[in-house]
Every structure is written in structure tokens, then in C-alpha cells.
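In the two complexes that follow, chain A is the common piece, with chain B as its partner first and chain C second.
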Partner chain A sequence: MSNTASIRRGPGNTLASIDHLSFRYPDSPNPAVRDVSLEVREGEVVLLAGPSGCGKSTLLRCINGLIPHMYPGEYKGGVTVGGLKVAETPMSTLAQNVGLLFQNPENQIFMFSVERDIAFGLQNLSVPREEMRSRVDETMRLLGITALADRAPHELSDGQKQRAALAGVIAMRPKLIILDEPTSLLDPKTALEVVALIEKLNRELGITFIVVEHRLELLIPIAHRLVVMDNGSKVMDGAPQEVLADGRAEGYGVGIPPVAKLYSALSKDGIRLPKVPETPEEMAEELNGL
Partner chain B sequence: MYWLSGGFVFRKVISPFHRLDPRAKLLVSMEFFVLSLLSSTVVEVILILVAILLVATVAKSLRRIARTIAFSGLFAVFIFAINFLFGLGLLNALLYSVRFLAIISSTSVFFVTTSPDELEQIMKWMRVPRDVVFAFVTAVRFIPVVMLDAFQIMDAQKSRGLEFEKGNVLKRVRNLVPILIPLVVNSVIRSGELAEAMESRAYGSTPKPTSLYGMRLRWYDVAVAVPSLLLVSAVALVVVFHVTLYI
Partner chain C sequence: MTLIEFRNVSFVHQTGVTALTDVSLSIGKGETVAIVGENGAGKTTLVRHINGLLKPTKGSVLVEGKDTRETTTATLSRKVGIAFQNPDHQLFSESVENEVRFAMKNFGFGEDLIAQRLDWTLKFFGLDQYRKSSPLVLSGGEKKRLTLACILAWDPDVVVLDEPTVGQDALQKEKLGQIFKLLQSTGKTIIIVSHDVEFLWPIQPRLVVMSGGKVVADGQISQIMGNRELLEGARVTQPQLLRLYQGLASRPATPFLDVLEARDWIGGRKQKPEAR
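What follows is the complex of A and B.
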């Protein structure tokens, strides 16, 4: 995309930069990520979309360091996060800079109670007990799960599990949090709550987010940028409305939100709205203004 | 099986016994265990069993322990029958079977009142290697998850026409294969995801991890531990070493 100038920038400088990154798993003939370059600025919410198997998950693992630290393979180019070269920085240091929340919260809660689990990462970093206590309490308050402190994982609902798992990541105070399909296992109402939480953390704490999500309409309202990947490469990158208005996005298997489709349909018929609406409410307003 | 397992699964209850330091609970349970082994008459072993039931009452878990006893009753009858038939006499046969019940319920008291968290703390205190403790913790943590998984697979296979309850023993065992294979595959996938999540949260980055809370002995624990330990030691001295105590 050429119109990057209109991207709503976060307040800060470059936080993560991916520089001509390619990665191939040893047992695969083709690279999972091909020559991807991407810059993420402090305070941004970047939405990453693309068909299943397009290399999104591999890219996430490259940013958080699981690749190349846990998965060996053919690694070209580089990733820098907060000034640290990912390939040369130990996982424990990276864990304090990049948090990765996986799709299934169930498999990220190790301990028997929510607060013990939130403390898990801090224990591994040898945080002293008093500080650990205050960080755990603070995180629970922030996510509104203080009442769940003593609950066992199997006593939590799916939405509560997602919050608990996110709390475990946030307690380590990373500057960048990567979410891999955070709402895919949630019902629509709980999914909206998680989106509101991401927005709050971004606004209040300035945490930068990279979110992989298929349900675009949920996250478009809070995203600063939309990046589309296909077949291991980055194919589109820009402000969400612009990417969606571009006809190519649908071709890449990105689920175009109904409002954006309606916008395109209207413009084909010669009805030009001032901008691509993010929500049905915005669309209604724009239509009223015509 | 459920009946048996129920007697060894922790239940969240607020009771004076639950509040004890896990090491004190372990001690009490081991003391009952040792006393049961040392007992030499039916009256003694019944007294021990009654004492265990009293502790279970204090721990508000009498029903649980009673269930364990009811289940192990089957084995106790078996033990009684074998010993009686082999001519060890009525009293000895009774002693052995009640002793078995006392041993089972003494361990049951510990497991019913000690949370997995506390078990973890005890293991750490015993200097069990960190990876072993963690493996234990995750194994216990994922029991309900894997069970749910198993039920789902069973339902899925049943809906495709697999009939578990048919056929002879061999056939029934073979019927388990279509459940076990997906279950194992799922668990392997799950363990991969677990490993990723552990790495992402700095597992193993320090040889000396800290802990959110630790065990601390309070007067309350000492008040239970010391007198009971003295009592059991005295009994052991008398029974094992035939020391005559002049009290």
C-alpha cells in the first residue's frame, strides 16, 4: 500500500521491526514466512489477517523468540524488539518484552489457582515475593478478576480462562503483547469483552498489540493497522479502512466485515460515503448524512 | 473406581485441619500409618481407626473417608477370608483386615485435606527437582481436562457406531483403542502447546525460582505436630524396642 501516511500512528517510535525475515521448518520444502518486513510502533494495535496456514503463527513465533530458540530451521533476516535482537536474546529476557497469548487459554494455565498461575512467569524470573504479590494483585485488579484469585482452572468459564491466561502474560509487563486468535473459542458477548479489554490496556498502559484474528469486524474498531499475509508473504499493510476498501483483500480470504462490503457495493452503484465505516452505527450515521 | 478415587481427591473445605501446614498434615497421616502397623491387637487397631475418623470429622471430611472405607471394605473382607481360611485365627484375620482399613484411611485423610498446591510445596520442601515437581503439577492440573477430552472422544466414537459394552473381555479391551489413540494424539499436541507457553513465560530461566507463597509453621501446627510425634514415638519405643516407660 502506498498510502501509509494516513496510518494512525501510536505515540512512540519503532518497537518491533522485522527485517526481510524468512523462515523454513526443517521438514517442509517451502518457507513458512517469506521475506517479510514489518515495523510496529509503540502503542499501535496491529491486526494480522490471512487464510489459515499463511504463516501468521510462524511470524508470531519469530517475534516472541520461540523461533529460532525452540524451533530450529532455516532462518534468514532478523527481528528486533525493543532494541533486542530476538535470535541472540535468551527467552527469559524476551519474555519480559514480548508476551504471547496462544489460542487455547486452557493450555497456558499451569497452576491450580488463578493467582498462582499469574505468578508463574514472575517466579521464573526470581521476582521477590513482596513484589510478586503486588504485581499479581495489580494485574488481577486491572483485568477485573480479583474475585477469581483462588479458583482452579476447571472452575472458570472460557472468558474467565482467557482473562486469567492474559493476566499471566501481563504480569510480566511486556511492552508488546501478541494475541493468537484471542476470541476464536469465545461466544460473541465474551469476545466483545476481550476486545474492550485490549482497547483498555492499549489506551491506559500504552501496551502495543499484534492480534491475529479472523473475525475482523470485532477488532477493526480498535485497530490502527491491518496487515494481510498470504502464502508466507506480507501482501497488504495499511489503515484498516483502506485495506478493506481495496478489492484485493477479499481475494486473500480475509473475512471482510459486512459494513465494508456494503460500502463497496454502494460505491459500485455510485453512492460514495465519506469514509469506510468501522461499525454499523457509523454506517448508519454516514447514510443519514447523505 | 470413582468411589475409590473420591477418597483420595482434594476437596476445598474450610476446617481447622485443612488450615494446618501441609507438613503437619503429612506428619499426622504418617503417624496414623505407623501406629496401624505397630498395632498388635484388634482393640488397638479399632481405636486407631476411630481416632482417624475423629480427625476426619474435624476436617469435615468424614463422609469422604467413610466412602473410602466402604470401598476398601471389599478388600478387607477378602483379606479377612484369606487369613481366616489359612488358619491364622479369627482375631488375627480381623486384625489384618481392620489394619488395612486404618492404613487406607490414614493416607486418605492426607490426600483429601491437602490441596495440589500444598503437595507441590511439600515436594519443593523435600527438594524434589523442579522439573519433576512441575511434571507432577501439570499432570494433576490436566486430569479434568484430559477426562473431558476422553468423554468427548467416547461420544464421538459412539455416534459413529462404536459399541464399547459389547463382546468378551478381549473385544472390550480392543474397543478402547479407538479412544486411546485420539486421546494420546490430543495430549501430545497439548503438551507441545504447553511447552511453548512455558518457554514464553521464562520457565527454567533461573535455577532459583521464587514462589508466591511459602509454608510457615505457626504455633497451631507445632501444637499438633510435637505432642502427636511424642506420643507415636513413645508407642514405637514400647512396641518395637520393648522399652518400659515409667510414667
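What follows is the complex of A and C.
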């Protein structure tokens, strides 16, 4: 089975295109990204997984322009986003099209209050004042941080910081939002709410998402596609359920949700369920019906 | 034997935010305790009291019967190893190997032992190739593992890990699980703060649920995780295998702790007694 043939295409045209991209940090003997090619279409939610240290964050930096604009290193191949060549377009122009949530929210929020921080990005986009106010308020509400509006970033818990940083990215409503482990510090309920928010922004506003995440059980239900990296290279790319069912995924440290793991174990034992269950409740029902 | 005791502890940050309200909790030697609860519940604030980094505004914290107000952080630090939620607050050395060596050197370990421990921890956590690198250039998950390596290398009696699974892939989480088993078998006291319920479930720790600065539940994880209303309030969700178990018409007396148990039961190799 060819993985590329089974990709469920998003509705639109190519939004981001990565073409034989390699990048090596200055003091490192090996490239962090090796000859990666990837096309992301308008309206897609692409989930990116792979072992810790395999190059996921580096690839994301190449898409929003931090690489090569802010990080020196050896850069080969190219990336275009919305028709703009990332390496040749100033960061300020790129920022209108791509928003990146950093893995560590502390590196992202720096104004003296949560509210100011969210407004800061909008000021740079020259959003009119009235609209700015309403967008800041709405975004804080969506992320449940209205009560924290006046807090300084260092007066927040880590999960609250992650939500504030996410608010800053979402408020700008770029065409492409890239999230680097956006739920890593969130409590389980908030994590589910953030996933629902991603789904809503994708469905209603057509925003395209690339999301790095280890807790796959959270994102699988809304992802159109799952890409796996290992040691700098892209090693798998396809419909989420198919990638998960492929035995290789587990070897790459992809966190197969317990229910999916049990489903394949039972299949091996000759116990066939009517369909791949998406939730534990669905699986229990299928088992009760056997 | 009680090792750590919180007696009616309240903590108010300088800005006036109350982070803990009247928390009482005692943890015995050799226990494995997991702390869960919503963002801002007070988990990090609580564990920072254990090595005296924070002192209670009201009430007291005792470690081995001694009030943390009357002990120096240096003394407590010899007993309690804390890996912070954000690795950037912990890492400061110019190289990965010196970062791991630091505490061991400080505590007067011999050179041979240091070399041995250094080797083992860096290999175990997959950081060996970065020995000479600056901690600053590591990936997020690698930085996190480096903080764990630093703590485990000097083998403290009390191991406190604030969100140890952040940034870790499935294989690294599995290794972390193994570390816990190893620590448990050597009688260490383990305190884990985590939002990762799927990771905590098979470890079956004692579970402390915090919400709004208070401890709202404390007990066996399988019992507490069965109480949906309580979990809802602390914004915690149930692990998948427990949800599956609850939905089954015919099921064993106790929930499945891992996929293998569920597979055996469903496949008819019932190794657990059936529920009545």
C-alpha cells in the first residue's frame, strides 16, 4: 500500500509546500531536518508526530521563517507558504500568513499583561482599535483566560501561560497556524476544549493547521492526515487510522492510543470488530454486540 | 512512617493571589503519589514547598518531622530532588555532562561513581550524543529528560517530578514508567505532578486531586477515577481503559490496567475474577 495514494486531500489548493528541505544547526554534526518534502493544502489539519528530538520543532521553524531568518545554519531546498518563498520574505510579511505557537510558552509571552500580549500581535498587523478590543476579548473568552487579563506572564501557572500564548497566535487569525505541542501543559479538560477550538477554527474559518502532538488520542479525531518523522526525515504520511494501523508507527515512538492498540491486538487474535472504534465507549459497544 | 507532612498549609503569592488554602496531606516513605488537577490548581506551588523553595504563609510543612522553616534549602536539597515543570528554570551549565555532574560533585560523590552514574543516566535517557553540547541547543523533550537525568543521577530519597512526560514520545514514556518501577523497588518516595492520565493509570499511584488551591480527593486511583463528578470539577478526564471497562456488559471485578490485561480478558483468557 502506498501511503501517499491514500491521503485524504483537504478541500483546497496547496498552502504550504516544503521541497527537499534540509537544515543543519551550526555546531551539530548531523542535519536536524533531512530532505523533507511535504505539501499542506488549504483547510487541512495535519498532525506531525515522531520521537523526541527527531526534528519536528526544527521543521516548524522552517515553515514560519524563524529558520533561516533567526537561526543560522546550513539550509538546503525550500519552503513556500501562500506563494511566498519563506527564505526570501521578511518575517513581518510571513507573520500575516503563518502563526507559530512555540513549544515553550515562556519564550513567546513577554508583555507585562496577558491582554497586552494578545493585543501586541494585532497592533503589528495594524488591526483597527475597535476590532482589536473585540478580538482580544473574544480570544481570551475562547481560551478561558478572561480572569487572567491583567496578570503578568510570570504570575501564571505553566498551563495558564500556554493558554495565553495560544490566544496570542489565534487572535491574529493567520491562514496557517502551526502549534508545537499545544496541549503539553494543559489539564485534560482544557486540552479537549483546545482541540475543539482547533476543529471549529478549521471548519468555520478554513484555517489550516499543522500540529505537533504526542498525545495522539486527543488530535486523531480531528486530523485529516498524520505525518511521522524520524531522525530528521519524513517516514510516514497518510490518513491517521492507516498510519496508526501500520506496525511501523509504534517503532517510531508514536503514542498509539490504548483503544487503537487493543483493536490491533484483538485483530491479531482473530477477534474482528465491525469497524475501527474511535472512542472506548464505541469499542465497548462493539464488544458487547459480539 | 510519615516522611512529608503538610499541616493546614495556605500560600499567598506576593501579588495577593492565593494558591493554596488549608492543605493537609501526609506522605509516607516509599509511597508513589500522583497529583492531578486543573491548570492553576496549586500543584506546582504545593511541591515547591517540599524542598523549602516556598515557605507556607500559614500552617507548616514538615520533612522527616522537621519544619521546613527551620531547615535550610541546602539540607533539604540533599534529600529531595525536584525536576521543575519548565526545564529552562533548572539548566544552567555550559555542557550536558556538567549539568548532570553538578549535584553529584556538590554532594561529594567520588569521581569514579560520578563517571559511572553519568554514563548510565545519559545513555538511559538517550542523551549520550549530546555530552559536550550546551543544554540550550537541546530539543524541548531532550531538555526535560536532562532535568530528570540530573535528579536521578544523585539518587535522592524523595523524587519530585513536575510534569515529567511533557515533550516525551511513547517510547520515552515507557522508559519513564520503568524508572518508576525501579525507584519503587528501592524504597524511594515518588511524587509526580501530571496531566497525563494515560501515563499515570498503569502505574496505579495514590492519587491526590487538587482544585482551586485545595485537596479535593486523596485515595486509590481506580476509585477516584471512577468518580466522574469529582473529576469534572478538577477538569480531569478518565483514562481510556477505564472508560472501556465501564462500558462492557461482562467485565472483570477490577478495571484493566493495561492493554494486555484487556486483550486477555476479551480473548477469553480470563486471568481476573469476573464482576458479580
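Assume the second predicted complex is superposed on the first by the 230 of 290 C-alpha atoms of A that agree within 3 Å, B and C clash if a C-alpha of one lies under 4 Å from a C-alpha of the other, contacts with A are read in each partner's own complex, and residues count from 1 in each chain.
Everything below uses one rule, namely that contacts are C-beta pairs under 8 Å (C-beta built on N, C-alpha and C of every residue); 3 or more make two chains touch, one makes a residue touch a chain.
Only a predicted model underlies this, so the values are computations on that prediction, with no experimental measurement involved.
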Which superposed partner A:31 touches (first chain B, second chain C, both, neither): neither
Larger residue footprint on chain A, choosing between chain B and chain C, goes to C
Inset, instruction - Please work out whether A:256 is in contact with chain B alone, chain C alone, both, or neither, and reply first, second, both or neither. - result: second
First (chain B), second (chain C), both or neither: which does A:43 touch?
-> neither
Touching A:182 in the superposition: chain B (first), chain C (second), both, neither?
-> neither
Answer with first, second, both or neither: which of chain B and chain C does A:106 touch in the superposed model? both
Practice item. Have a look at where A:82 lands relative to chain B and chain C in the superposition and call it first, second, both or neither. Key: neither
- With the two structures laid over each other on chain A, which partner does A:240 touch: chain B (first), chain C (second), both, or neither? neither
Message = If we overlay the two complexes on their shared chain A, which of chain B and chain C does A:232 touch? Say first, second, both or neither.
response = neither
So the chain A residues that chain B and chain C both touch are 104, 106
In the complex, the residues of chain B that touch chain A are 115-117, 134, 137-138, 140-141, 144-145, 190, 193-206, 208-214
The answer for chain C against chain A in the complex is residues 13, 15, 17, 36-41, 44, 85-86, 88, 126, 133, 137-142, 145, 163, 166-173, 195-198, 232, 234-237, 239-241, 243-249, 258-260, 262-263, 266-267
So, in the complex, the side of chain A touching chain B is made of residues 61, 64, 66, 69-70, 90-92, 95-96, 99-100, 102, 104, 106-113, 115-116, 119-129, 132-133, 136, 153-154, 168-169, 172
Chain C partner, complex, touching residues on chain A are 25, 27-28, 49-53, 57, 103-104, 106, 151, 155-160, 163, 180-181, 184-192, 214-215, 217, 250, 252-259, 261-262, 265-266, 269, 271, 279-281, 283-285, 287-288
